[in-house]
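Chains here go by letter, A, B, C and D, matching the order in which they are written, and residues are numbered from 1 within each.
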Amino acid sequence: MTTETETCHAHGYTPEKAAYLRRLRLIEGQVRGLARMVEEDQYCIDILTQVTAVTSALKAVSLGLLEDHLTHCVADAARKGGPEGKEKIDEAMQAIKRLTR
Amino acid sequence: MTTETETCHAHGYTPEKAAYLRRLRLIEGQVRGLARMVEEDQYCIDILTQVTAVTSALKAVSLGLLEDHLTHCVADAARKGGPEGKEKIDEAMQAIKRLTR
Amino acid sequence: MTTETETCHAHGYTPEKAAYLRRLRLIEGQVRGLARMVEEDQYCIDILTQVTAVTSALKAVSLGLLEDHLTHCVADAARKGGPEGKEKIDEAMQAIKRLTR
Amino acid sequence: MTTETETCHAHGYTPEKAAYLRRLRLIEGQVRGLARMVEEDQYCIDILTQVTAVTSALKAVSLGLLEDHLTHCVADAARKGGPEGKEKIDEAMQAIKRLTR
């Protein structure tokens, strides 16, 4: 999907990989919990409240990944100079636009 | 969590229960896919793109549940009149506020 | 743009018209303040913070209008029954979808 | 509000100042249009649609300012190295978090 450039071999999130995996496993469990609520015919509004909790947890993961990406990949590319710095910022801006939609 | 009132015994989403369960199972799989991407050290921006896809899928579920809720529980409560109609709208507004955050 | 139906002659927000006009005037002043900040070359991040404040103020206006609309026009249409109740909810859902984008 | 650092004297948005001022003036006019709609008792849903248009226009301004900021101030700070690079990214992340709320 993306041309993984040399600037960014060890990804920004790598040092926190275990923490991200733990958070994603919790989110997976939350989604399973949503299915259980639907299965048990729980009240619509209570399910909606839980969906919002999952969405917030996912947004926190996004913002974490974005921060790691800016701190490592984008900053490294800026330091090297050349067109790649701008490309990395354009790519990050596209991701930010998707996040704010 | 919520005082499940008599207006709303068969929940708005009940006729579509199977469809919601299917969508939630797909979302669960997407979250597992995210963990796999982190595990395999995939590129941060590609992971972010996928997180956005999961968030969109969850938002679509929320909007579906909300629509079913308005069409059934809230409209029924309005028809019955009395304070309950207003209570249901207040409760729905709280959910909408959480969704727009 | 919209076929204004008979259910909804005095709009939901009418009793609070003066309050809405006051809030919109404040927002207009905030937008003028943004232009002044750009004019005076103020720091990008400070301008961004102010843009967020204006967006929040507008969102509060939206949620207020929506709540008035659900409480009056939508609830009235539901009480009358017939296809119009469902049409009003569909129309409100379209507005909610735009709000959550 | 912010310690305006030396990295960032000519702000990222400066070359586009006239364009930003034009866009903000349009937004100011749109907000005035909203007040007129309320004044004239227009239909709630039509007003809501217009509020969404103003919010979108403001969001586009935010994303433009953020892009200019990342391309200039943040990239410059990264190039210079030292703690300031990280500070600029932290500050930008705070702005991004406010934008995604």
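In this section, a residue touches a chain if its C-beta (ideal position, glycine included) is under 8 Å from a C-beta of that chain, and two chains touch if they have at least 3 such contacts.
Here the structure is a predicted model, which means the values were calculated and not measured.
Among the chains, which is located farthest from subunit B on the basis of C-alpha centroids?
Checked the centroid distances; the maximum from subunit B is D.
Just the number, please: Cα centre separation of subunit C and subunit D in whole Å.
One centre to the other, that is 20 Å.
Where the centres are mean C-alpha positions, what is the separation of subunit B from subunit D, in Å?
From the centre of subunit B to the centre of subunit D is 30 Å.
Report the inter-centroid distance (CA atoms only) between subunit A and subunit D in whole Å.
23
Note the residues in subunit A that touch 2 or more other chains, in rising order.
59, 66, 92, 99, 101 - these are the residues of subunit A that touch more than one other chain.
Looking at which chains touch, is this a line, ring, star, complete or other?
ring
Could you list each pair of chains that touch, in label order?
So, checking each combination of chains, I get A-B, A-D, B-C, C-D as the touching pairs.
Which part of subunit A faces subunit D closely enough to touch in the complex?
Of all residues in subunit A, those touching subunit D are 59, 63, 66-67, 70-71, 74-75, 78-79, 81, 85-86, 89, 92-93, 96-97, 99-100.
Would you mind writing out the residues of subunit D in touch with subunit C in their complex?
Those residues of subunit D that touch subunit C are 1-2, 4, 8, 11-14, 17, 20-21, 24-25, 27-28, 31-32, 34-35, 38-39, 41-49, 51-52, 54-55, 58-59, 61-62, 65-66, 68-69, 73, 91-92, 95, 98-99, 101.
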